[in-house]
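Everything below concerns the one structure shown next.
Which chain is which? They are A, B, C, D, E and F, in the order written, and residues in each are numbered from 1.
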Amino acid sequence: MNGFVELWRSTGLSNFEAGQVVMMLVGFLLIYLAIRKGFEPLLLLPIGFGAVLSNIPVAGIAEEGGLLSYLYFGIKSGMFPLLIFMGVGAMTDFGPMLANPKTLLLGAAAQFGIFGTLFGALALNLVPGLDFSFRDAAAIAIIGGADGPTAIYVASRLAPDLLGAIAVAAYSYMALVPLIQPPIMRALTTPEERLIEMSQLRVVSRQEKVFFPMVLLVLTALLLPSAAPLIGMFCLGNLMRECGVVERLSKTSQNELINIVTIFLGLSVGSKMSSHAFLRPETLGILLLGAVAFACGTAAGVLMAKAMNRFSENKVNPLIGAAGVSAVPMSARVANKVGQESNPHNFLLMHAMGPNVAGVIGSAVAAGVLLALVQ
Amino acid sequence: MEASLSELLFAGVRLMFIGMTIVFLFLALLVWVIGMSARLMNRYSPEEPESMTAALGARDSGGEDENIVAVITAAIHRHLGK
Amino acid sequence: MNGFVELWRSTGLSNFEAGQVVMMLVGFLLIYLAIRKGFEPLLLLPIGFGAVLSNIPVAGIAEEGGLLSYLYFGIKSGMFPLLIFMGVGAMTDFGPMLANPKTLLLGAAAQFGIFGTLFGALALNLVPGLDFSFRDAAAIAIIGGADGPTAIYVASRLAPDLLGAIAVAAYSYMALVPLIQPPIMRALTTPEERLIEMSQLRVVSRQEKVFFPMVLLVLTALLLPSAAPLIGMFCLGNLMRECGVVERLSKTSQNELINIVTIFLGLSVGSKMSSHAFLRPETLGILLLGAVAFACGTAAGVLMAKAMNRFSENKVNPLIGAAGVSAVPMSARVANKVGQESNPHNFLLMHAMGPNVAGVIGSAVAAGVLLALVQ
Amino acid sequence: MNGFVELWRSTGLSNFEAGQVVMMLVGFLLIYLAIRKGFEPLLLLPIGFGAVLSNIPVAGIAEEGGLLSYLYFGIKSGMFPLLIFMGVGAMTDFGPMLANPKTLLLGAAAQFGIFGTLFGALALNLVPGLDFSFRDAAAIAIIGGADGPTAIYVASRLAPDLLGAIAVAAYSYMALVPLIQPPIMRALTTPEERLIEMSQLRVVSRQEKVFFPMVLLVLTALLLPSAAPLIGMFCLGNLMRECGVVERLSKTSQNELINIVTIFLGLSVGSKMSSHAFLRPETLGILLLGAVAFACGTAAGVLMAKAMNRFSENKVNPLIGAAGVSAVPMSARVANKVGQESNPHNFLLMHAMGPNVAGVIGSAVAAGVLLALVQ
Amino acid sequence: MEASLSELLFAGVRLMFIGMTIVFLFLALLVWVIGMSARLMNRYSPEEPESMTAALGARDSGGEDENIVAVITAAIHRHLGK
Amino acid sequence: MEASLSELLFAGVRLMFIGMTIVFLFLALLVWVIGMSARLMNRYSPEEPESMTAALGARDSGGEDENIVAVITAAIHRHLGK
């Protein structure tokens, strides 16, 4: 019965390429990490699943006309990451940052994770077999922003082929923050510094919270328009949250809308994880650089905090500098945890939320610089 | 016309035969796999609820990055080594 | 005032064609059945309404540039049925099936409803005036899958012109399961068989439930890639449900997302119900074949159960074989109801859920076969 | 470092045009009115924010390839306003109107606000510097419908360039109803008339409520197909609400779906507020005509009520005529409030809801006339 | 210019006249239809709540498929018989 | 190749320098603006919660339309007056 022959020819078994098998394994690894190790499951599960789906032979789910090819348009147009950023804005409370604006500088310093990595990526061209263009390097560097939507937005604009690897690295290392940061934080601080207690934060008026997103948007429009889409949508979400008159829009954008877009975004990112794009030495470079990026960012944040203590009387605990990489709210929790190792009664969490959210702004600004200067 | 119709009907019978075979084989295989995996799971990892709960957000998992790197390195070698 | 003349020329009254009037009546009939008779209202109400809207003269709501023409893209791209299938996966509990895997075979047997109908459709070419191509026949056959999204997905690929009639038949007969199945079930079983009580199902571990969707996906990728989009999205939904770490994605995909897509899907299906596509003898053939399909599937399921009892010591109640057609959860309820006619203390519902969900997989597999072999 | 020069050239500061600055101020004014003065915040906040975003120089968020350019497709295709209208239908209770059908005539009379304004717009061509085409005039006139989605739908079809100004005027004046209407209502009614108490409304059966949307749809199909998209989607929403068998679809369409679409719609409307389209004398004309439209509609509604009292024994309180402009539910509340100034024990709210929802139908019908006769 | 303006204004008056007429006729018709149907309903099928509740998922409805088939058969005959 | 690489590295250093400068300037400016606005607000409009609650739907705000018209008139004059 040549019907069976025909069918056999249409099976995966007879069409699998080694690369596809490997990529499906990678996909399942991501799913495993998401479910069993709790690695950013909301993103890594759909990404991993998307990787599996798009590497099924014959089906062509990620090819022209396949489901994922249609979903991918949401990334190509920038819509998915921007809508997620709006939802994140609607979930963000700038209170702690507004109460202690100085901490913004910690968020700024931590962006050294981005630009240091940029240099690192370019330097990796010295390694034979690795070849990163300037655009590639910039896209990889954004991993140091420790912010998912920003990374995906920038990567989809500068180096779509690396999108899969970059997104995977970004979310994986965000999940690994509790492993990467503490050693660096301990190495760069003295026991005395880790004991510093910070003064109670003042209450921030409703009004200030309502004004802030608008002020931020204006500054962006004036100084760095290339960051306007990211920061703009973020501010819209935050304004809807704080203004108090569009409760239902705010709720929807931080729940149903962001959930729907997250599923679609994850699947579409996964659809870029084809063997020819992912199974290259460059991917190892990206994973390596990602670790470097987080380390640099953490170190820069902590050192900045120490520097600030030189010049100001009311000291900040340098541990909260590490929260400047963003990776909200993980790195703030880490700062609090490490602080309590020295003094269990020292609650740094709210103080660490300041640099933490500042880091989000910081990396969006850095993204703007990259998008403006890298052609 | 009649001829083509009979051909059509024959093709239908053929597809019916092939189709039912595939469906049966596929689901029978599934029966076997489910049985196997159930047995394997209960032998090697008898449901540890703590691990499942751990999955719900605990991040106390050491050296997962080596984990990734290792797997992917292996992957790439296997891939380039062709 | 020739403005009135102009307006009169633009009225429906002066532009209605008989066909449109009839199709609007059909649309209202579907709405009536949905509201008053409870025929799958979630689908048949939007479908009926879509049929009414798309047959309003002049307005051209279903024509190029009209609302429904845009929505229809969601079916053409396969996105709507696949997203609904994802939501269904997120609502499905494979527990009963995993507890008693044998019942998968009942789900397999019931797919004879599909392939028997395929032959029937081709045979109908003997009737003068009826003309079904091989693609048409395959699209019609899928009605036997008793699964909405699968039917719409296959029909939209093999015979878009028949989509309206096929979707209507599929959902109508799903609603009629309580009328179609019992006589067949009684006819094919002895009173003794209907009294068979089945042993309590074992508890299925969380782990098994998490693994199953991935195992299923791998088998599909290996053996039947053409079924991968359907089964893949189904597995994604089910994995999100069972893994326990993406609660919010799972909830959204089985509530808001599936609701939104259901409205759009229904309207777009209705938009294919134009008089020239629907008011043809073929439609009668499709309605007839739909009944045949459900009957064949039911019979095959019951007979398979009886056959299995021949070769195995722990008997299954043949009534649950009828649940193999899927039509979740209706046909499982029917099996339970008919069983309790013989013995009110015999609860077959959970036992019937096994073949019931197996039927969903079975018809997705059958769909894969059709999509792979029918060009 | 010419990198800084390059960056300076890419800043907003060095690229701002006066027009963009002004439009950003207009955007912030709308946000201020939405948040501080409670002007229809659900719409005016996103619209204002969209105006700000789309006038950021360099970023090109509203230009080809920018986020808002993609979102705008939802308006161009008519999808956004129609989906919102569906949600509004699902929120509307026709009970009070069905209990006292006469009040439909008040909703009819109030549409004089539309056609009176049409003439006014054309007359404004007498003012040097103002130049309204017939299409422009029709698009502006629809402001008199005091119904957001209808206004946006018609404007996007007849005069996309005026969309921004028209939407802003429509929603602003809806928010100003409590200021515009009362003086007119008092001027046109005698103290005695304002004291009229109306008989308790009869209860309307579930059945009547289920039939009404279908009856309305049929009449529209027969007589005014050009209004079918608007009225059709409105009826779909209302049918889903009343039929009682698709609760989950109804809930979703009046919550998550309408919220998501509202955000997108607002942003896309804002994206049409470019300086060259908005900063023209015509905009002042539109704002003026908007006030005229609401005034005319209110007056016509009240006078119609007085006329009806001439010919019928059971009197209506002329104040509820003002609710005929729709602006649901604001104008009904206003009628109730003004009535209670004369007699605190006279509850007109439910009576005013009749003309109020009738006004929605009325303006959809008027929209149909405009779309049918204006080329 | 003036000429065209006066034409424009006349067209406006015309549309105003037509439009208000249509709106009134349409809603007046609606008033009548609502009245009629209310009367009819209360006469022939005085609100039976049980049927409405039944609608909420009961499937005890005999021979609805014949129902469909019948209607559509009729429909097709009427349609082809032209 | 080497040459181009060294150029590449130099460009990287340059971008690092520029980028960090911008980020610092931007956020430092933000620090200053936040401080200023906080001070201004507490001086001129010390948080009046009633106004915020009023915002939640009260429409007791007189002459807002003149408000719009005024602003936009001004705007247009400024715009046309160029």
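The rule is short, and it goes like this: a contact is a pair of C-beta atoms (placed from the backbone, for glycine too) under 8 Å apart; a residue touches a chain by one contact, two chains touch by 3 or more.
Computed from a predicted structure; not experimentally measured.
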item: Contact-graph distance - origin chain A, target chain E; value: 2
item: Selected pair, greater C-beta contact count between D-F and C-D; value: C-D
item: Where chain B and chain E are represented by their mean Cα positions, the distance between them in whole Å; value: 53
item: Separation of chain D from chain E, taking each centre as the mean of its C-alpha atoms, in whole Å; value: 25
item: Interchain centroid distance [CA atoms averaged], chain A/chain D, Å; value: 41
item: Where chain B and chain D are represented by their mean Cα positions, the distance between them in whole Å; value: 54
item: Residues within chain A bordering two or more other chains; value: 3, 7, 35, 38, 223-224, 243-245, 256, 369, 373
item: Junction residues of chain E - those touching two or more other chains; value: 15, 18, 22, 55-57
item: Interchain pairs in contact, sorted by label; value: A-B, A-C, A-D, A-F, B-C, C-D, C-E, D-E, D-F
item: Interface residues, chain F side, partner chain A - complex; value: 5, 8-9, 11-13, 15-16, 18-20, 22-24, 26-31, 33-35, 37-38, 41-42, 45, 47, 49, 52, 55-57
item: Residues of chain A defined as touching chain C within the complex; value: 3, 6-7, 10-13, 15-16, 24, 28, 31, 34-35, 38, 41-42, 45-46, 49, 52-53, 56-59, 61, 65-67, 70-71, 255-256, 259-260, 262-263, 267
item: Chain E-facing residues of chain C, complex; value: 1, 3-4, 7, 18-19, 22, 25-26, 29, 33, 35-39, 172-173, 175-176, 178-179, 275, 279-281, 283-284, 287-288, 291, 330
item: Chain D-touching residues of chain A, taken from the complex the two chains share; value: 77-79, 82, 210, 214, 217-218, 220-226, 228-229, 232-233, 236, 239-240, 243-246, 248-249, 251-253, 256-257, 369, 372-373
item: Contacting residues of chain E [partner chain C, same complex]; value: 14-15, 17-18, 22, 51, 54-65, 67-69, 71-73, 75-76, 78-80, 82
